[in-house]
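Below are two complexes that have subunit A in common, paired first with subunit B and then with subunit C.
Presenting the complex of A and B:
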């Protein structure tokens, strides 16, 4: 058995599975989205979604906006934490312990992680009880649970570990000598972070952003369990088309529109960051060119 | 290098740990509370909900279903994912980058989309929705994660070892069994654990492709709709404990990895 044969043999099972149960279903969804009342092919469903007076575009924008908020919050939590763990803590045991702790809570699963927030944000939940006990409020705050903030808190909770793990790995791979050199040349800790660490870790932040964004635009649990009557999100509508309205072509169309909109949002974000990077001077790129030499 | 203390990232890390642990601590606390509501006040201490959990036949059945599905997914995803890691790292075939990229596509496509697409495909193909379809869906979902876990040690793997084994007279299969796989084993084991847990907790694919399959997430999903009985909290606390024990088992490995080759 020669080398080429073995190569194909190792890849074949997964590539075949991907072809049959991943590519094919996606193609099936796209095809189904084009079948409407007038037979196939028809743009009927797309026309309905973007018709005047339809609230679908608003739902779509709300979904994308929510997911981008979750990505930004995840960056705000994970980037400082990853920096602290990867570059400020010397003990590998401490690094491993913190990461393992986050991983354990993460692997409890999104369903339980979401339901858990009811006991914290509810009318007689942890937050209200503590605030009342210290006398900060007289009446419990009702709006904590069953609204957009609760949904975003839980979505961020369920997705930020992806950001933490990828950014930690990216920062761990940055050579400590770069940081030391920056300090020797007179840069303060903040300058070192903004002009050395952040540019070099940006691929990790990007991977994290995508890994956070993707599940967040498609989750139905958080809005359903914590969302109350706050505005509907696209994933819930897709689920309802498949299970309640039993309109599979419409469900497929909504799915295709969601993927396309998500792709556009990611692209826009990429362009915006590239613009920002250009404005702030190409420090990161210059760094790497220097490292290659 | 001299390590400096930075108060801002340290504070964020502390807050992150509080954020991570608070919900877990809260439901664990309430799983010992006699009141049937997941809310204050705490009225005492009881292990009654745990007893009720053990006595509840539905939970036992669901646990069995979930463990069965997760075990099957773990075996399939680990074998297929490990093989694909070899393909990604070692294969030299035309269009390899494209094919390797294709293999990781499930990571960037929302689970809901995969679930809906699989449901449409299974129904159109006339496959009955049940355990088989859920397992298939979960394998698609979990395998890329296994591949990622195995790729890391495979990239660090020194191919000289294989050559040495060959020189000593081992065939390709013996080399794989006695040299390569044992060295990759920590990565494979972590990947298998991850695949098991991902499948065990997965809800959307089971919801779309598993008619009549009452896995634990499905049961908890239906239980929480009418008021969340504390038995669910007891289950949540127990499963957290199980995951924590599993994590303790891989902690020394993680520490060694982070310490690096120095």
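Presenting the complex of A and C:
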């Protein structure tokens, strides 16, 4: 038995598992999406989704837009937090304690975490109560809850630990000597962050973006619990097709379309992250060149 | 428990072949189980049966008398929507022997091939049912009995009198800009459509055609800015009303529970009428042998005097059993309207499966996606 066969054989159980639990269901899903009133194969379901006047593309775009917003917000929150934790907090115990605190908070499950936002953003919730108590408002702000902003806030809250942990790990891996060298050469904290930390942490940001984006486009909790009348997203639509309409072919088609659209969005995210890393590198090179002159 | 009426089915040859495949897989599984159990002594009676229902119907004190008398444990497989359970039963191996379903949906469940006919001779309490329910639609199919109706009621406008400060007897209140941001409507697919149809005076709210559904859809889309939220289940609605997020809704009788928190919540009998429904117990194909016997005994219990009485006391639902009404506290009978149910049933529209479920589905999608 040659080496190639041996390596294939040793990987067989895992390949079999991937084949059975990931590839086969996906193939089944794609095949089912081509089943329609006219028999199999049929493009009927795809035609229905993209027909003129159909509202499905709007829901799809709304879903992708919401997920991308959540990714950007997660980056905005997690990157500074991870940087501070990884590079400004010297104690490894304190770092571990903070991360453990985040992890423990998330042990309560997404349902409770999502419902809790009703207590924060509601008519008599924490925010409105405090604002009324300090005299900032006379009437509660109703738009805080039951709308897309509340959905995005809760989704960001539910997903940002994925970003925090991956970015923290990426930043922790950056050799402190690079930062020290940057400072020795006269770079301020912002320059060090922009020219050294960000490019080196970009693989972590990219991984975090995927980990935040994927569950966000497929969640039904936040839109249903906090979305009010405007919260319907693609995952809810798919759930309704499978569990309520019992129209599995249409549910499959919507899923395939969401996977493709999500894939395109992930590609765009990858390009954006790579672009950001390159941009910060180029700026760094240009500044260095300028400083040398 | 009328929730999410989405009675369209998977169609086309793929759906058929999938069903065949699932059937074969279920048979293979059953054969495996049969081989596994060969040689075991038959039990005198089932030690446990599983009831697919919602949490309100399966409260421990409501099931305890049956469990004590029969020695059969009743496990509950809880769901918010019977379609969820039908999906599991269709795939096989759900482990559920009796399920709750209603007139609005039972025909669809029957069409999915997951139900088993029952022998009414083994359900003696059937004789004491309110006569109207013995001949109600959605209980028998192909000339065979399948379900026993054990609870019924109406859906209507529920409002917080303390907040709105006026009596309401018109569905139009749900569409009145005066109540902007204070209204909750059901997200269960067809109930908002049907309530709106009642408001618009559409004669057959479950048999609307494209034109009538268009009219209803327009009204519901126009209503959206007034609506605070579409409620997902009765717990969600209780929360919305109890916290003051909404003061007015199209809701279910169980919402009156929040009176215990000092909220003056009231039930309206609107002039346009309300929606009447019943929930029934149906035996599934997974009940066999001693489990089938225990399931039939449990179905008998559900329409008997004990369960019927506690049903009204615990969750405010109405029993279908004349024996239960006779056994209930007279004040409770009056409070529930069981002494004079003909008065509001006269104007009520009975839930049935919509004649064009695909059109209803599209109409509701349009409202949600707008």
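Things worth noting here:
The rule is simple: the second predicted complex is superposed on the first by the 255 of 293 C-alpha atoms of A that agree within 3 Å, B and C clash if a C-alpha of one lies under 4 Å from a C-alpha of the other, contacts with A are read in each partner's own complex, and residues count from 1 in each chain.
Quick note on the criterion: a contact is a pair of C-beta atoms (placed from the backbone, for glycine too) under 8 Å apart; a residue touches a chain by one contact, two chains touch by 3 or more.
Every value quoted in this text rests on a predicted model; they were computed, and no experiment measured them.
By the touch criterion stated above, A:32 is placed in contact with subunit B and with subunit C alike. Subunit A has more of its residues touched by B than by the other of subunit B and subunit C.
In the superposition on chain A, A:96 makes contact with subunit B only, while subunit C stays out of contact range. Residue contacts after overlaying the shared chain place A:275 against neither subunit B nor subunit C. Using the contact criterion defined above for the overlaid structures, shared-chain residue A:188 touches neither subunit B nor subunit C, since it reaches no partner.
Once chain A of one complex is fitted onto chain A of the other, the partner contacts of A:242 extend to both subunit B and subunit C.
In the superposition on chain A, A:142 makes contact with subunit C only, while subunit B stays out of contact range.
In the superposition on chain A, A:58 contacts subunit C only, with no contact to subunit B. By the document's definition of touching, of the two partners only subunit B reaches A:4; subunit C does not. By the touch criterion defined above, A:109 lies against subunit B but remains apart from subunit C after alignment on the C-alpha atoms of chain A.
The intersection of subunit A residues touching subunit B with those touching subunit C, taken from the two complexes, comprises 32, 118, 122-124, 225, 242, 248.
Listing the residues of subunit C that touch subunit A in their complex gives 4, 6-15, 18, 81, 83-84, 86-87, 108, 112, 181, 187, 189, 224, 227-230, 232, 236, 239, 243-245, 361, 365-366, 368-370. Interface residues of subunit A facing subunit C in the complex, by the touch rule stated above, are 31-32, 35-40, 42, 55-56, 58-59, 118, 122-124, 142, 145-146, 224-225, 227-230, 232, 237, 240, 242-249.
Listed in rising order, the residues of subunit B touching subunit A in the complex are 1-6, 8-10, 12-13, 15-17, 19-24, 26-27, 30, 37-41, 79-81, 83-84, 86-87, 90-93, 99, 102-103, 105-114, 116-121, 124, 136-137, 139-140, 143, 147, 172, 194, 197, 200-201, 203-204, 208, 217, 220-221, 224, 228, 232, 236, 239-240, 243-244, 247, 250-251, 254-256, 258-260.
By the touch rule above, subunit A contacts subunit B in their complex via residues 1, 3-4, 6-11, 13-15, 17-18, 21-26, 28-29, 32, 77-78, 80-81, 83-85, 88-90, 92-93, 95-105, 107-113, 115-120, 122-126, 129, 157, 160, 164, 172, 176-177, 179-180, 189, 210-211, 214-215, 217-221, 225, 235, 238-239, 242, 248, 251-252, 255, 258-259, 262.
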